[in-house]
Amino acid sequence: MSPLSHFDESGASRMVDVGAKAETNRTARASAVVRMQPDTLALVRDRGVAKGDVIEVARLAGIMAAKKTADLIPLCHPLPLTSVKLDFAFPGADSLRIEATVAVFARTGVEMEALTAVTVAALTVYDMCKAADRGMTIEAVRLEEKDGGKSGHFVRAPS
Amino acid sequence: MSPLSHFDESGASRMVDVGAKAETNRTARASAVVRMQPDTLALVRDRGVAKGDVIEVARLAGIMAAKKTADLIPLCHPLPLTSVKLDFAFPGADSLRIEATVAVFARTGVEMEALTAVTVAALTVYDMCKAADRGMTIEAVRLEEKDGGKSGHFVRAPS
Amino acid sequence: MSPLSHFDESGASRMVDVGAKAETNRTARASAVVRMQPDTLALVRDRGVAKGDVIEVARLAGIMAAKKTADLIPLCHPLPLTSVKLDFAFPGADSLRIEATVAVFARTGVEMEALTAVTVAALTVYDMCKAADRGMTIEAVRLEEKDGGKSGHFVRAPS
Amino acid sequence: MSPLSHFDESGASRMVDVGAKAETNRTARASAVVRMQPDTLALVRDRGVAKGDVIEVARLAGIMAAKKTADLIPLCHPLPLTSVKLDFAFPGADSLRIEATVAVFARTGVEMEALTAVTVAALTVYDMCKAADRGMTIEAVRLEEKDGGKSGHFVRAPS
Amino acid sequence: MSPLSHFDESGASRMVDVGAKAETNRTARASAVVRMQPDTLALVRDRGVAKGDVIEVARLAGIMAAKKTADLIPLCHPLPLTSVKLDFAFPGADSLRIEATVAVFARTGVEMEALTAVTVAALTVYDMCKAADRGMTIEAVRLEEKDGGKSGHFVRAPS
Amino acid sequence: MSPLSHFDESGASRMVDVGAKAETNRTARASAVVRMQPDTLALVRDRGVAKGDVIEVARLAGIMAAKKTADLIPLCHPLPLTSVKLDFAFPGADSLRIEATVAVFARTGVEMEALTAVTVAALTVYDMCKAADRGMTIEAVRLEEKDGGKSGHFVRAPS
């Protein structure tokens, strides 16, 4: 059997049948980093100076994107999310860290929703700052933690 | 004046007025890398073995996502794209590289469309392989090149 | 604590966590009034004369919009609606009244779905009649009643 | 002939053929008022106090909704908007006024886009404040001005 | 070279580059037949008897679906349609014929938009009548005519 | 009472109230046939020759369309699908058969989701092959089987 469950035994893609799985509370937490010039980061961080709040726009874009995950990722199940939140931090002079936490009571998990939220939030930061800094990059998009469901609790090993 | 053109002088966000800009051919090329266990990469690369083609699913997800860019990124303009293509390469034993090239004849560029395409393609790879390798990361999402419009030709400096 | 639950203690917007709330039957009823020239109203009311049924188009637009509420209102939860209906009445020679009733079995209510339904139905009436009467206005969009959930039964006080 | 151009001579609805109209610059400006308790308005206006910025969320919702107009209003044409902006004012102790200005270079106007933007922004204000004030109403949704196209310049008569 | 232009020389799918094609007026006409029990057809045809107008709902669904074509068909280009109309006829005691005509001024044609319109209209008829007649079928979905663009005028040969 | 449950007693369309129905496992299976020139069919079937896999693109389009059913069919309920799969067969030298199976645990069935999946998959085949064969037709779109819910098990009579 293929370890890739999105394919059947003949190699055809499918939306995996989760009908027999139990509805449980499921959460996922993902993160991403946007790397940019320190001057650009200052514009993002010092909202008063820049006259405009990049982070709030990115936050809303991330929340709304979480709700569109099944529309974007072909084999994802549509899920009635119960909670989405995004946090932003400045771990260094050139980097903005975005973290999303998503929850649902459903038959399958919300890793993709959390990853989609941080990714679209990061793209929104790029969009808003690109006039100032076209060389920005998005780095380290990854799942930090997930809970609920048969596969149990996952926490990313420190790197 | 703020260097962030998505805000007006009072700091309010807006969809920037591009009505006075000329319609020209505009292209953008962006890339991303998905890093994963070599065993996972083998499943992606050796389509016959895995019985299922992760890359074709990711490719379509990226093409379709490019068309949804204005829906995802709050201040992006809706654009009638004339071309979208995605290329995949295997630069190392643990990494899949995705590149998207997008074109339009319009008043504003398609950087965000190219970046959205590679990002959603990368998330789709994550989704399809996550049962095998939850620790995958998406790295180095970046604009490689853009052309057309007043700001001229941009090519990313080699890093 | 802020009385605005869509913000956390730091002021960041979020999709409020409803995971701990009970799934119950929830209904909401909202209304709006479209005010127009009596001649325009006559075109809407006398479907035979006008050769075309503005109200049926508006009704469908309202039903379909209720299903898009979570896509439109940034912090709304996606909900599997179980019922949507719209009613139209002619309370005066210059006004069309639209009422929507929405139901769901879920962890949060459907006020926004009912309000979105009447609003989009009203905008659709405007669109279809604007060639005849550009001065139409939409008035008195409001929640009439809601039931289900911890906050109990709400009925709007007569104005 | 019916004065309602969205119907043909048999009364069937249709997306009106604008293929023979000239592409020109077209703009539209629309407004709406959200009426609420003075205490609720204070929460919206004094962003520092409320720890959270209702207006910025509503502004983004309005901009994004303008882009979805053809998806919401059945017979609207899809248009490549070139500019969308929203302004907010506090004309009285109980009312928030929202104004949207939309532009396009196209064969048909953007009245519906401007009206959709203010309406969805107003609904978003309702959503964010409803825990504090369920009796809020949306009033006076109307077209203020439009320009471009054969029907010429329209400015709403002062009321 | 593959006769299937949606694949490049390596077999990868893509949105074909139409940037070098001329913008011209393009139209397409497509049709479909819904076959059902004569009693069911009577319900559809005799709107007064059935108290409800299946055809108007199907017509609107078809118009709105034409606008979603690029969202549904993976490699279709997004196009700013200038006209969409649907016609219904009753060629026999058990069949409803649906025809859609779509127009655009663009670099590529609207066959898929016309086909999507008739198909979704037919599915909507099925949805509304399925409680009465689950055995209905949709038949003969086909392109009737197209014009504009380099491939010239196509009219389906009578069958 | 009208046998068409999507209308109320006055003939107004509505999303039928399913709030009182039981949540059960529900499945539906639908099929469609795409008829084309034998040479075109060969291109679809012999993936190696054509350098490009029409069927995998159509399969994904069908899966994604099943998730959009409530967006396309005006009176359909939004449903959290638990499974979607599509199968393709070649029953003759000129025909491709598409079958979709959809499942959900919900208050209403998924016939429309299965029918939408096969229809959009068939349209996608048309799109990808139309440069080679504009005369293709889609035939025999129909429900094959449904189960779950009060109306019980339905299997289409052999034709």
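So that you can tell them apart, the chains are marked A, B, C, D, E and F in the order they are listed, and the count of residues begins at 1 in each.
Everything below uses one rule, namely that a residue touches a chain if its C-beta (ideal position, glycine included) is under 8 Å from a C-beta of that chain, and two chains touch if they have at least 3 such contacts.
Worth saying up front: this structure is predicted, and the values here are computed from it rather than measured.
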Problem set entry | chain C to chain F, fewest steps along touching chains | 1
Exercise. Among all the other chains, which ones are in touch with both chain B and chain C?
Worked result: A, D, E, F
Problem set entry | Same vs different contact residues, chain A with chain F, by half of numbers used | different
Exercise. What rotation angle superposes the Cα atoms of chain D onto chain E, in degrees to the nearest 5?
Worked result: 120
For this session: Mind checking the centre-to-centre distance between chain C and chain E? Centres are C-alpha means, answer in whole Å.
Result: 31
For this session: Could you grab the centroid distance between chain C and chain D? Build each centroid from C-alpha atoms only and quote it in angstrom.
Result: 16
Seminar exercise, completed: Note: chain F sits from chain D at a C-alpha centroid distance in Å of 37
Exercise. In chain A, which residues are in touch with two or more of the other chains?
Worked result: 12-13, 53, 56-57, 60, 64, 68, 71, 74-75, 78-80
For this session: Let me know each pair of chains that touch one another.
Result: A-B, A-C, A-D, A-F, B-D, B-E, B-F, C-D, C-E, C-F, D-E, E-F
For this session: Quick one: which bits of chain D touch chain A in the complex? Just the residue numbers, please.
Result: 53, 56-57, 60, 64
Exercise. Contact residues on chain F for chain E in the complex?
Worked result: 2-7, 9-13, 32, 43, 47, 50-54, 57, 60-61, 64-65, 68, 71-76, 111-112, 115-116, 119-120, 122-124, 126-132, 134-143, 146, 154, 156-157
Problem set entry | In the complex, chain E residues that touch chain B | 8, 12-19, 70-71, 74-75, 77-80, 106-107
Exercise. Where on chain C is chain F touching in the complex?
Worked result: 25, 56, 59-60, 63-64, 66-68, 78-87, 103-105
